[in-house]
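These are the structures in question, set out in turn.
First chain A sits with chain B, and in the next complex the same chain sits with chain C.
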Partner chain A sequence: MPSVLLTESIALELGAQEPWPQDVKLFQPYEVEQILLPDNANCLAVQAFLKMCGLDFEVEPRSNAEYMSPSGRVPFIKCGAFVVAELDPIISFVNHKGISLSDKLDSVQKADMRAYMSLINTVLANAELYITWCDKTTLQEVTKPRFGSVLPWPLNHILAWQKRSQVVKKLGVLGWGNKTLDEVYEEIENCCSALSERLENRPYFFGDRPTELDAQVFGHLFTILTTPLPNNRFASIVRGYPNLIELCKLVEKEYFERTAEA
Partner chain B sequence: MGTVHCKDVPPDQTIGDVRSHFAATGLQGERDHYESDKGQSTEQKQINLDGVKARVDKIYVDGLSRTKDDIIIATVRDLFQAKDFQEVIVGAHKVRGKLEGLGCFRNIGIYIDTSSGPHATPEGVEVTFYVRELKRIVGGVSTLVGNNEGSLVVQMRLPNIFGRGEKLQTEYSYGSQKTSTFNLSFTKPLQGNLNPVFTGTVFQAGSEWPSSGYKQIERGLLLDFGFNSTPLVRHNLQWEGAWRDISCMSRSAAFQVREQTGPSLKSSVRHILTFDCRDAPILPTCGSLIKLTQEFAGLGGNIGFFKNDLCLQSNWTLLADMVVQATLQAGFLTRINNSQNVGICDQFFLGGPLSLRGFQARGVGPHKDGNALGANAYWSGGLHLFTPLPFSPGKGGLGDFFRTHLFVSAGNLDNVYLGKEMPTSFQTLMRTVRMAYGIGVALRLGQMGRIELNYCIPVLYRREDQPNHGVQFGIGVHFP
Partner chain C sequence: MNHPMELYIWGGDWGLPSVDLHCLEIMAYAKFSGVPLQTCVTNNPFWTPNGRLPVFKHGKQILSSFPEISAYLRKKNFNADFGLSHKQCSEVLAYTQLLRGQLYFALQYVRWVDTKNYIELIRPWYAKALPFPCNYYYPGSYEREAKHQLQALYDQDDDPQSIETFVYGEAEKCLTALSTRLGDQEFFFGVHPTSLDATVYAYLAPLLKVPFPSPALQNYLKACPNLARFVVRITQRYFPYAIQEFDAKKSAGSGARGETPESVSDFPNRRRHQVLAGLFAAAAMTGYALSIGLVQVSIKDEVSENLANHEDLIQAAENTED
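Moving on to the complex of A and B:
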C-alpha cells in the first residue's frame, strides 16, 4: 500500500515542524541486565545526540523495546504522536524542527561527516554484531543469558536462536559471514586508526563544537570500552588510540555528568 | 417399537422364518418388514414382540480389516443380554449407533437371522453387522476467503489409524497476506461409559485485528481430555501452552497497542462445561445451551490471569415455525499477580455481527486513536425472533434454510477493578449499556454455520464507540 506510506511520511514531515514537546521519551532495553553491545552503542549514540542538541527527553526502559520499535531496532523516541527509530531517522526528524549540530559546516565537511558516519555503521556496528552473536564464548556467556533474561523458558532459547540466525544472515549478506575473529579485529583496528587520524588533536571532529559524528563515535566507543566481555581485545584495540579516549571522556564530562548532577 | 406390520404369521411359527433387515438409515430401522416364506397374504396383523422369546447366539461383524477386535467386542457385548425379540432389535439399533460413534465405518447394515449349526439354541438368533471401513487417508484441497484475505487450504485425515478409532488430522493454509496456519491433531477415544476422548493438537495460527491495530501469530500445544458426567453434560479439561507474537499492523497504531507488542508465553489450564439439549447447533427450535469456561493462566510463562466466561442460550417454539431465542454472555478476567502480564489478546472485546450486532467489529468499549483496547469484563444479551420468510417461498426446499430475524441486543464492555472501586465499576458496566435492534435474514449453511444480513439501528451508544447504522453482514459458526 504505497499511498499509506506516502501519507505517513507526509504526516511525519508536517508533524515534525512543531516545536519539541516536553514529554519526549526514549525507549530502550533494560541497561543493567538486558541490553546487548550493539543496541547499547546505538542507544548511547542517540542519547548523546539529543543531549548535544540540548533537547529534553526521558529514558524509559522496556523489556520489549525492540518489538515496540517501528523498525524493529532500538532505540526509538516517542515525540507527541510520532515514533521514530534509530539514529539517522532521529537526526533528520530533529533537523526538521530546525535543530542541527552540523549546520555550521560547509558542504565538504558535511560530506566528510557523512562518510565517517557510514564507516562506523559498516565497520564498528557490524563488528559489534559479530562479536555479540558469532563469537562462541561471548554468545554463550554474555549474549544468550542477557538476551533471554526477560523471557520465560523456553522462549529465551528459541528467540535467541532465531535472533542469532537473523544476524548471521545479515552479516553474510554484507560479506562478514566468512570472516574470522582476527579479520574482524583488523577491521576494527583500521576503522579506529582512520577515525584517530581524522580527529588529530582537536577536541571534536569538526572543531570546538560536537556534531552528529561525535555523538555516534562516542556511543560506539564508550560502549566498547565499558562493556565487560570474555575477550577484552575489542576494548584494548580502542585503548590504543588516546585521542579517541579523550573524545569519549570529554563527551561524557560535558553532556552526561552534567545532567547527572542536575 | 412395540408394533410391527407383517403380512402373515402362521400361529405355529414364532420367529422361525422371521427375517428382519435394517437399512442403513435410522428412519427405516423403526419399521421392520416381516415376510413369511410360505404365505403371501397381504392381511395386516399386529404382534407383540415383547412376548417373542429370543436369545442372541452369535454376533458377526462383517467387513473388518484393520479395526481391532477388542473395541468391537466391547461395543457389541451388550446385545447378548437381550431376552426377547424386541430387545434384540432395540439393542442392535443401539449397537449400530455406537459403531457409528467409533468413527471407523462409512455405513453399517444389520441383518438378523435364526441361528443354525450344532450349537444353536431353539430360540437363538444371529445378528450380523455389515460394515465398511473408512479409507486410510482422506484429503482435500480447498480455497477459503475470510479474515481480509484469501487462502489455500490443504487438509489430510487418517481415520482409525491404529484400529481403535484414533484419528490424525492435519490442515495447512497459506494466505494471500502470507499468513500460514498449521494444525495437527491426534484424537484417541478411550473406552468407558463416560465417553472419554483425548485430543492433542499442535498449532500455528496467524490473525489480524485491524480494529485493534495489531496482528498476532500464535504457536502452541493443546491437550484436551473430554468426558461426560451425565449424558447431556460434557466436561473438557485442557492444558494449553501458547507462544504469541504480537506486532503492530501500522505505524499509526495506538501507543497503548504498541506497548503490548512482542513475544509472550501463556501456559494455562482450562475447564469447559457444556450442557446442550438443543435440537440443532444452528438455528435450533427448542432447548438450551449452557457453556461455562474457566481458564487459569500462569503455570510458567509470563502471562497470568484467571478468566471466566459464561454463555447461555434458550429457544422456545411459539407458534408453528416461530422461534424465540434468548441469549446471555458474560465474562470477567482478573490478574493473579504483578509479575505476570495480561496481553491485549487475552482481553475481552465486544461488537460486530458475531458479537454485538449494530456495532462494528470490536466497536464497543475503550478505544485509543481508533484502536480497540479491550477490557476485562463484559456482558451482552439478545432477544431474537426467528420466523420463516414472509409468504414462505420455497417451502420444503431451499426456503427452509432461510429465516426472518428480528432482534434486540444489548451489552457493555469495560474495565472492572476489584477492591474498593468494584461496586462503582460494576455500576458503570450496568448503567452505560449499549443497545441496538434490527431486522434481517439468516441463512443456515448445513449444520456448519450461518450467514446473516441485518439492518441494524443502534439506539444506545457512547462517544468512543463505533456504531454501525444500516446493513451489517455476518458469517460464522458461533452466533450469540
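Moving on to the complex of A and C:
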C-alpha cells in the first residue's frame, strides 16, 4: 500500500512545481441540452472552487466528457500535462500549488469542514442520483431524453440503461436502494437543516471568506434550485432555509456575475 | 410495557463486547442513554428477519438498524443527545456521514476483502462462532457481499491494488479528522458521551482491538493515541466485563501454554484426528488398489496355491513380477 500512495503523491508533487498555466480547460457535458442534475452540481462546485481561488480556466463543453475523464466522472480539468477529475482530487491538486481556501482555518475547523463535505457527498449527491435515475417520472421525462440527446438511436437507450443499472447498483450498496421517495426527501431535509444550523447567520461557513465547503454547498444547492424537474419538492425543501439561499445568492453575485461582466 | 428490551448480537472477543460494528453501535448507544438492554449472544443470523444481526426486540417491536433503533429509543425517552445544541446535533450528523462514507468501506475491506485477514482470522473466527450448517455459508456470503460493495462503488478501477490505496487513503483522512476533532477531550462533546461517541466507538474499537495479520490501517489508528485512548476509556467504563473475560481467557490460555502448544487448543483431539485421517487414507488407497486389480491377483493366487511354505511364496512373488 505505501508504495502506491507514494507514487500518487509524487505525481502531485511534480505537478506542484509548475505555476498555474494559462490554458487550463475544464471539461464538462453541454449545460443546456445534456447535463444531468448530479453532474451539473459537481461541475458547478468545481467552477465555484476555481473561481474562489482566483484561478483562470475555460469551460470546454464536450458531449463525451464522461468518457474522456480518467475517473469516468465529470468534471475534469486539463492543467499542463495533468488531467485531474472530480472535486476532491482537484482541491488537493490546487493545494499542492500552494493555493488553498482553508489555510486560515485551525485544524478542528478543517476536520469539521471535511465532515460537512462528506455529509454533502453522501446525502445530497446520492439524493440527486436517486431522483435522476430511480424516480420513474423524472427518468422518463428528463433523464433519458437529456442523456440520449447526443447519442444516435440504439445507443441512447442502451447507454442510458447501462448507466441506470450502474447507478442503481451503487445506491443499493450505499443503502439507498430500498428507500422510498419520501424517505429520500426526509434525508434531504435533515441534511439541509444540519447545514443551515451550521451556517447560522454568517455570510460563509467559516466566517467572511469562502472555503471549499462553500463551493460545494453552492454547487449542489444552486443546481437543485435552478434545475426544472417534474416534481419540484426537492427545490422547495431547500427554499425552506433562507440562510442557505442567501449563501447561494452571495456566491453567485461575488464570483459568477462579476466574471460574466468582465 | 413490562417486556424487557432484548438485543441479539454477535459475541465478543479480544476484549470487545461484540466483534460486529452494528452490534457495538447499538450497545454503546444503549449504555450511554441508560437503556436497560439485555444482550443475548446468539452468533446465528439464520432466524433474523433480514439475515443479519443485531436484532432488537421489545415486545412485538422487532428492529434491526441503528437509525430505527435509536429513533425508537428516543420515543421511549432514552436519548444520549439530550444536552446538545442544534449546531452540535448538526455536527453529529455530519461526522456520522463522514464515518459512513469514508471509513465503513475501508473496514469492510480490512475484514473481508484483504485476503490475509480474511483467511487467517475472520473466516476461522466466524466459522467457529456460527453453529454447524451455517458456518459453511455465512462467512463466504459476507465476503461476497463486501467484494460486491467495493466493486459497485469503485467500478472504474479494475486493479484491486488501486481500490485498496483509495479506500485506505480515504480512511486515513477520516481518522485524522476524528483525531483532530477529539483533541484532548474525554468525549466528542465534553464529558458526556453522545450518539456520535457510540458511532465512533463502534467503528474504531474492532479496528483497534482485533489482531489483524495485515495491520496497515490498524497501525495508522494506533498512531493516533487520543483515539486509541478514547476506545480504551469507553471499553473500561461501559463494558468492563468484556475486558475481564478476555483477560481471564488469556491467562487461562497462557497457563495451559506451559504444557501444550497453543495450536492444541484450536484443534481438540488433534492426534486422534490425525490417526483417523491416516487410517482412512490408507483404507481408501488399499481399496482402490484392490478394486483395479493392482495387487490382489498375485497374492490370492499364492495364498490359494501354497500357504505353508514361506520360501515358495517369495519365489512365486518373484515369478509373477517377472
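Methods note: the second predicted complex is superposed on the first by the 251 of 262 C-alpha atoms of A that agree within 3 Å, B and C clash if a C-alpha of one lies under 4 Å from a C-alpha of the other, contacts with A are read in each partner's own complex, and residues count from 1 in each chain.
Everything below uses one rule, namely that a residue touches a chain if its C-beta (ideal position, glycine included) is under 8 Å from a C-beta of that chain, and two chains touch if they have at least 3 such contacts.
On a predicted model such as this, the values are computed, not experimentally measured, just so you know.
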*State whether chain B and chain C clash or fit side by side on chain A once the two structures are superposed.*
fit
*Give one of first, second, both or neither to describe whether A:100 is in contact with chain B, with chain C, with both, or with none.*
neither
*Vertex chain A, arms to chain B and chain C (CA centres, degrees, nearest 10)*: 80
*Which superposed partner A:149 touches (first chain B, second chain C, both, neither)*: neither
*Of chain B and chain C, which one touches more residues of chain A?*
C
*Where does A:68 make contact in the superposed view: on chain B (first), on chain C (second), on both, or on neither?*
first
*Return first, second, both or neither, reflecting whether A:169 touches chain B, chain C, both chains, or no partner chain.*
second
*Touching A:231 in the superposition: chain B (first), chain C (second), both, neither?*
neither
*After the two structures are laid over each other on chain A, how near do the C-alpha atoms of chain B and chain C get, in Å?*
10
*Which residues would you name on chain A as touching chain B in one complex and chain C in the other?*
4, 8
*Which positions of chain A touch chain C when the two form their complex?*
1-2, 4-5, 8, 71-72, 107-108, 110-112, 114-116, 118-119, 121-123, 166, 169-170, 172-174, 190-191, 193-195, 197-198, 200
_Interfacial residue positions of chain C with respect to chain A in the complex_ = 86-87, 89-91, 93-95, 97-98, 100-102, 148-149, 152-153, 155-156, 161-162, 164-165, 168-169, 173-174, 176-178, 180-181, 183, 216
*Which residues of chain B touch chain A in the complex?*
243, 246-248, 250-252, 255, 258-259, 261-263, 265, 300-302
_Can you tell me which positions in chain A touch chain B when the two form their complex?_
4, 8, 62-64, 66-68, 70, 78, 83, 151-153, 155, 158-159
